[in-house]
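What follows is a pair of complexes built around chain A, which joins chain B in one and chain C in the other.
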Partner chain A sequence: MRLAPYIAYLKKSFLRKSAYRFDHLMSILSTCLRIFIFWEIYRTLYGTRQEVDGITMAMVTTNFILSMGLDVVFGMDDNFIPGKIHDGSIATELLRPMSIKGRMIAENMGSSVFKLIFHFIPALLIAQIMIGILPPASPMMFMCFLISALLGYGVMWSISFALQMLSFWVITTWSITTLKNVVINIFSGTMLPLWFMPEWMDRILRFLPFSSIYFTPVQIYLGQLSGAEILEKCCIQIIWILIIYCVGDILWKCGQRKLVVQGG
Partner chain B sequence: MITLESVSKFIISDFHIHIPQGECVGLIGVSGAGKTTLLKLMSGLLAPKHGYIRTIGRNPVREKGTYGRDMGIFLTGKSNLENQDTAREALEMLCHVYRIPKEEFHRSYEALSERFAFREYEEKRIKDLSLGQRMRVELAAVLMLKPKLLLLDEPDIGLDENGKAAFWKILEEERRKGMTIVVSSHNPVEISRHCSRIALIDEGKLLFYGTEKRLRSKYASMDIMQLKLDGKIPDLEDLPLKKYEAEQDMLRLFYDANLVSAAEIIGLILKQTQVKEIQVIKPNLTDMIMQLKGVKEDELNRGK
Partner chain C sequence: MSLIEVSNISKSFKVNKRKSGVTGMLANLLVPKYEIRQAVKDISFSIEKGEMVGFIGPNGAGKSTTIKMLSGILYPDNGKICVGGKIPYKQRKEYVGNIGVVFGQKSQLQWDLPVIDSLELLKAIYRIPDEKYHKNLERFVEILDMGSFLHQPVRQLSLGQRMRADIVAALIHSPQIVFFDEPTIGVDVVGKETIRNFIRELNAEDEITMLFTTHDMQDIEKVCERLIVIDKGEKIYDGSLLGIREKYGTTRQLDVEFARMEQIAPIENVEIVELDALDGKKKRFVFENKKVAINDLMNYILQNYQVRDISISEPEIESIIRKIYNGEVVTV
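This part shows the complex of A and B:
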């Protein structure tokens, strides 16, 4: 497999993102606004208290700033495959000498790299100046955070991939992806840090992939996990990627079979 | 290059065809006859319900995606170009996908944009092009691959006369260089003029497969003679006519040119009456196809 065509798609998706400047400025503004709103809410909730259940205000702030930032970078084009199925171009696309999955990863990465540089970092700087976030626990932990964040991206990608495959059977996936975004928002710890979840909820979430997306990297960043725990959590992330990807891949194969039998 | 043996799928039933390398085969048939289904079967976009298909020596469904530049395909409504790209960007992207070397791309791009005359709007986005302009770019996109096998589904839709002329000329040149082409169309006249073979399809059946000349000699020997008489209607009982129509002083005779010549008919008529005008009409391809359908249906009915 040669990489050149994938790199071309990555580059194109990066450049396409940069074409819409106004949209881009607005989305930075919206991220900053969301951060401020959350900051205000938590400031009110904390009041004069220093900490709740051993969690300081600074930790909570760092959590939602980092996870909202990652949320921006991890944004997937959930309409990639559904769009191609809808307009029928999926068929001819399959005849091309390149993997559609590979192209999907490349295009997602292209826009993610753009958003990382021109959206995440500026928003983070603004948040740092206006609110302030905790520094990483140590340079070592920061490295681990980056690795874990990359794995979190993988989990997010495979969820999006698997859900997009449903478009072989349903006409619109809009409601499914909206539901996905809501569920991820709640259960990944973006809005409500998972520290504050009731114990029964915590037990359920342990068997779901959502905490692997943002919460694991943030916990590593804050230095809440020991070396062994980091290894364990990263392994869990890898296992989730594999499980969800395999499910998606089975759906993908079934979908392609459906396409050649029923036509598309 | 392509072999189909007793293939059935949707409307296509028990279909046999073999397309040798270097032929340009025109698929003719009315809407819904199964032309697009056939092209999809040949390219591996559809799996046959029954039967055996080999495209460039391989099973096209199982080995989908391995053809690379060997197979170029254009299906109506399934664009190879991306709406957001300009014509140039879209073709450049395909050059990456199909791993066409840079120099080769520049050479073919220059040539094709010149011949299809889309250089003046190459910086416009695909979505802003008119149908005809877009078709020119679509065709350039598949021709750029220089595939061994080219499958085209109604490529002449939206093309103006210049575009059509350029398109057929390029096809002819490529065929001479060894490209195998399968092209479908509603327009039998155009196809018959440019393709080396015609495949006539009706309701998923192959009515005829061969050169235009053979089609004419085999099935279209029914000529029409139109006469304006100046006198009584002659007695033509002895002639093997298919049928005749008389209307005031007009007489229309339908006959098989293989069985009786125009000279014989005229000779007999002139012995009996005066003739003001004579006109012999050779049927065109469209009439012929209608006629052929009738003949085949008769054969089938007799079989029952």
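This part shows the complex of A and C:
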């Protein structure tokens, strides 16, 4: 597989993202606002206490700033395949001698790189100046954080991929993706850090992929995991990517047989 | 073995049958009703390298579905397609690099970008070498007269311009096989002529194999030698354009302009049509050339009436096709 065509799509998606400047500024503002709102909520909840269940306010702050930032970068175009099936342009996409999955990744990466540079980093700087976050536990941990974040991206992508494949059967997947976003928001530890989940919930979440997305990288960043635990958690991330991707791929293969090209 | 081998392919779709209005909507929400529609039934044909084949049939006959199966977009339910040793729907990625497809109703160009940018993107996708890309581009732009709008965004093009740009987009990588799905739809007379000339030239010079669907019989007459007619998903004719005339075009028509208004007594096996309802001077005599001898008929008319002008014509291919669609001609 030669990469040139995919890189062409990556670049195109990066450039397209930069075309809407106003929209972009507004989205930075909205991320900062979300961070401030959560900061205020947790400040009130913590009151004068130094820590809750051994978790300091600074850790909670770092968790939601990092995971909200990653959430921005990990944003997937959940309408990539459904949109193309809906308007029938899937037909012309299938005429290109390239893998549609590869293209999906390329386009997502293009916009993610853009959002990383021009959205995540500015928002992080603003949050750092106004609120302040903890530094990474060590340079080594920071490297592990980056690797784990990349794997988290993989988990997020494969969830989006598998869900998009349902559009071969249901045409509009808006409700499914909305549900997905809500579930991820709650169970991935963005809003409510997974430290504070009750025991029974924690046990359920262990068998679900959501904590692999943001929470594992954040835990590594904060130095909460030992070397062996990091290895274990990263393996879990990889296993989730493989499982969800395979499910998505089976749906993709079946879906292609069922494909109906809309509009003549 | 032929370049394109299609054997006994079928494809059906599930269609949601819904009654109109709010009650229909509610009923559908609770108990959706589906109907299986057979789009393509057991079609087989083969096409040799360098052939130019017209693929016609009324709306909903299954032409586009067949083209989509041939281009690897849709899977046939049954049967097998083999193009140049590859199975389109199974080896899609390797296969589509060698074909070009023009969908008259779907643009493959990037809506917001100038035409040239879309072509540049295609150059990257198909990994076209620089030299070949520029050679093809120059040649196509010249023949299709596209210089004036190459740098305009696609959304600002007229339909005819867009179609020409789409054709170039489908051919820029020098495919060996090209499928045209209604390439002249909505294009004016001059534009159609340009497109037809271009297609003819490409077929003659580069030996590109082409399959061509259209509703415009002029397209077929001017471009194709061979014709495949399908109706309701079934193949009903496969042969030369000439053959279809010989086989089904047995009616002749005699247009006569009389010196004055005439009342013609009925003639056996001849249908008389008034061409000019106002003064009744022009009449058309339609008959089967097997049943009625033409000189007998002409003699009869000339002897009995005063004739100012007379002309005989074969039916247009279009009217033959119309008869086939309407089931007036029994096909074997």
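Methods note: the second predicted complex is superposed on the first by the 259 of 264 C-alpha atoms of A that agree within 3 Å, B and C clash if a C-alpha of one lies under 4 Å from a C-alpha of the other, contacts with A are read in each partner's own complex, and residues count from 1 in each chain.
Operating definition for what follows: a contact is a pair of C-beta atoms (placed from the backbone, for glycine too) under 8 Å apart; a residue touches a chain by one contact, two chains touch by 3 or more.
Computed from a prediction, not measured in an experiment: that's the story for all the values here.
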item	value
Combined model on chain A: chain C and chain B, fit or clash	clash
Touched partner set for A:88, first chain B, second chain C, both or neither	both
Partner chain(s) touched by A:253 [first = chain B, second = chain C, both, neither]	neither
Which of chain B and chain C A:43 touches, first, second, both or neither	neither
Contacts of A:96 with chain B and chain C, given as first, second, both or neither	both
Touched partner set for A:261, first chain B, second chain C, both or neither	both
Which superposed partner A:8 touches (first chain B, second chain C, both, neither)	both
Footprint overlap on chain A, where chain B in one structure and chain C in the other make contact	2, 4-5, 8, 12, 88-89, 91-92, 94-98, 259-261, 263-264
Footprint of chain C on chain A - complex, ascending	2, 4-5, 7-8, 12, 88-92, 94-99, 256-257, 259-261, 263-264
Partner chain B, residues of chain A touching it in the complex	2, 4-5, 8-9, 12, 16, 88-89, 91-92, 94-98, 259-261, 263-264
Chain B residues within the chain A interface of the complex	10, 37, 40, 43-47, 61, 64-69, 71, 73, 75, 77-80, 84, 89, 93, 96-99
Touching residues on chain C, where the partner in the complex is chain A	13, 64, 68, 71-75, 89, 92-97, 99, 101, 103, 105-108, 121, 124-127
